[in-house]
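The structure that follows is given in the form of structure tokens.
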């Protein structure tokens, strides 16, 4: 493994995320959402139904493991552990960027391993910037879908990460090219849903409008509050000047709660709330303000480095909390939860009043 | 006394409340209510009339001792001490949940003792969840009323407490059943008022509308800011996982001030402001924003564990403060106080602007 | 001097004010008023005119020494020091409550001394509560006016102070009696202006309306933020229970900035902003939001206990600051300052939006 | 060099600024502006165009070095270092107040040195107060323009600084005289643009309206948040009373963000955002809320005391950050940036809602 290879970089990302403090200080702003206790409840806690349908699959809770990894030796085990957990709990998962697998076929099984362990929802993952810079097309998508028998395909947008990486691809000009590529893929291959996914800085309302026009079926807001890519790169960078530079952007981005509200205000498709989701309370609040499902990466990564059971523990704890919150806000079902009243306070209020 | 018996649990609750810090950190939000000094007063402090009529009884101040206990040896003394104080000051009181007395008739006198010491307002207490789970009916109510010669009957709703107790009853589905039960009781037995009572997490506006439809005459908001049931259970729980789980809910609930405003906005009946009421200032503010009376539990419990005189001291101090505040806001009577101007600040403002 | 005599109490007040921290923690809310820098100024700092006319007298700055003392040996010197300073700077002053002088004619010269040193504006001082409780009439007013050859008469309202003093007069019921008394005095004796004066807890909008009806020509808001009477009494009280009681009211009252805004919103007469005025910036802000003049007590008391020159120093410093602020907000005259734009922030905003 | 001479004072200013903490504690309020991440970017970071046209000159970034110095030995080197950097990066610069050069022709080359090193935009600098107090006219302007071959002329307004300096010129009355002087100069000499410049306390909306009427082509808001002149003078003053006096004004002034918004709301000409600009993020925010260009003094002064390369480093870092921010908010050009959506929070919001 070469020091400058994608593999090495991806492994370094994992280690930095596991050992360093890489989370935003400013939070997701979900703390500025207040769910309202229903003193009479009128629910049976043992019969709360948290199931949803996502991209044609039934999930037992509105919770997926967000895209994390693939493309190096350690990745195989992580993806296996996640897949086993997801199968056990009937949830969904994304694999990490499949570029390494496309460039080097010997790495394919670090992704495809997930299908040895789960038949649940699996979401593929490719980078938007490569469609512009490397001329990727519908055939590349097809290879990626087949690699993991993907039920849906996420295209990730990561301008901040690219801008801060010394080796970054920073040409996002002409992103509209994706419109044709997606249409071509759907015509030529399979009609699976496409998701635009941010990796931790969120999408704005304006973004959502463009993504809708491009033809995306879902948007994973990937907002600020959890893993900060500026922080991850900050820990990797040796050069003092570049380190200081990345420091300026440690807190850059749209907090997850704000991004959900912004995107939902103009987008009718599926909205996934990812970025700093750490509890069932966070999930409940995300759903109340407009998300259809939530995604979690960092805590799952840490658990998956240990075992599949650890992943199950983390996910189960969140689901139990979610159920209890639903019981307390008097919602039997996710549908009810999405319609429940909430209060928006403090900084988050500035976002909803922004014209 | 068996470790898992109701009696043992109830006693443990008392001890935890007496020795541990079980109060919400976030407060009642009554601090966000500002009463307005009237520089000319135009009152005689020695002739401030704090009396009210509550459920057909005249009280010398808008203050009752909230439901605390019954059903075990220690309870008898506590209830006696409270009853003596209440008689002395002509206030009112609630007894704790009467379930133990219904299940075990030898415990009845731990409740009925109150009638040996007071002819003031006494409010009975039963749990809403038992009407669903255990099929309780109007005859159970009658037994309970008779047990303490109750002037009014409180039905408590405690979904959070039940959800966090490992041994909790968590089926609140079908709460509308109470409509018939209450009607039947009133027809078959006595036309006394019924109060829906939360135990520390508050009722919302939506709750109040349903409670009105069910036919409740009064609502005791039992809001957040004082005793936190998640905190009480947190201290009792040994298992590390369950302990952590309860921790997530330590601050859950609608602050008392918010709950008073929410309930009053849709409910014309009697509103009792309980939860974190700790001073005459708190009472005055509660009345100004919509309550008809206030209830206090925790400080009274602590005093009642010592003596009846201690209970009197605590209550008298609050009443003296209330009178002074009324003098300073230029209100001779509770009726005036309820019409006085006030300012709502900070977080509480978010609640009144919530649609 | 007897321990329970007015004289002894008044002296104790002076000493507590001089040695203890008796000021409100919450401030005057003048910090929530932002004056707006005028970058071009268009003024000559050496020709800023701070003079005003107050109750028929020309003052060189909108600044008077608020009512402080009279009625005991130490008072004579204090009043002398203040009078000399006021004469030197051509400002105005109030004497303290004249009740002691009315009750004991040997104490008269502790008040009348001011006329040996100044021909500037002097304001007499009587307590509103005595007109109710002791049946005072227009003849009492006449005696008081003559005692200091008063240019105006202040009637102070101090319900909080009375409520907290164990020996307090707490019957303010029937304050409307003042309407006739003032009319009678004006008819029978002299047509001088009457000022309603709070001593540190402020007047509300409702108060101002009543005071207008009673016939007051001016209102000295005497708001919260400076000397707290609950704090003064707190330091004097020995009994632990009473001490704790007074503690509850340490922060009670309408902050000076809020009181100026409230009173000005309904009252066209003269408004004096007293309570926590500590700098020329405070004066400038008070004038901008509606005051016609400001009053200062505590810092003057401390200076007057030393010398007349010290009093001059304190006052001159404030006036120099006031001039500089006027220069920076581009106002040549007090009239201009009263029309200058300002911003209201934070808590003070709650007051102006209160209905 | 005499201790009281302008030269000595100017040198002392430099040293105080270099060694002491002279910056406002309250900040520029640019932190209350939130730019909105655009997750899709749709820009190529390597092709972001930050160029603007300012006063007829093309600049490679919307950034000039604000007026700092001239008139003493050290000034020559500082101006040389700045000029070299500005030439290298194709930006603009202002020279310090040219009064010393006008009074003493041997000091002229401490200003004119800039033209030995740059043909970029150079802005001359004179004090508004001298046109009133010393009767300066269009010929003085002509001499100043010629001294540095100025492309534009800044007239600085510094009432606070003058008010606090014991030796200050404090007569700003009759500032309208500038209208004729500027007209006369333009008619008789050259039609170059005139800029009204504050030195760190900001211009208000009312100021901007007057400056427009006087005929200024541009306004450099020179707002609060960076160098505080009260702080600079505070460090210079020895006398304890004067020191305390200046302390009252350490935080006086309109924060830069507020001043940009105020000025832009009524002024169509060129707006320069100076005062506390310390990063490319600050520049981007200033442009988004209404500035056409930004100016920086303090960090440049510190760098210029070392070398020209240091100045280049500071400026380049800011430009790189600006480009990255533009990439992240999806703006290819400054024109786009000026139209991008932003959120205004907290205290800054009070300014825009002020009538």
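Going by the order they are written in, the chains are A, B, C and D; count residues from 1 in each one.
Note that contacts are C-beta pairs under 8 Å (C-beta built on N, C-alpha and C of every residue); 3 or more make two chains touch, one makes a residue touch a chain.
Nothing here was measured: the structure is a model prediction, and the numbers come from that model.
Comparing the residue numbers each copy contributes, subunit C and subunit D share less than half of them at their mutual interface.
Distance from the centre of subunit D peaks at B, each centre being the average of the chain's Cα atoms. Between subunit A and subunit B the CA-based rotation angle works out to 90°, given as a multiple of 5.
Measuring from the averaged C-alpha position of subunit B to that of subunit C gives a distance of 45 Å. The distance from the centre of subunit B to the centre of subunit D, with each centre set as the mean of the Cα atoms, comes to 63 Å.
Every pair of chains in contact is given here: A-B, A-D, B-C, C-D. Across the complex, subunit B meets subunit A through its residues 128, 157, 159-160, 162-163, 170-176, 196, 198, 201-204, 206-207, 210-211, 222, 245, 248-249, 252-254, 347, 350-351, 354-355. Interface residues of subunit C, counted against subunit D in their complex, comprise 34, 36-47, 279-281, 317, 320-321, 324, 327-328, 330, 332, 341, 343-345.
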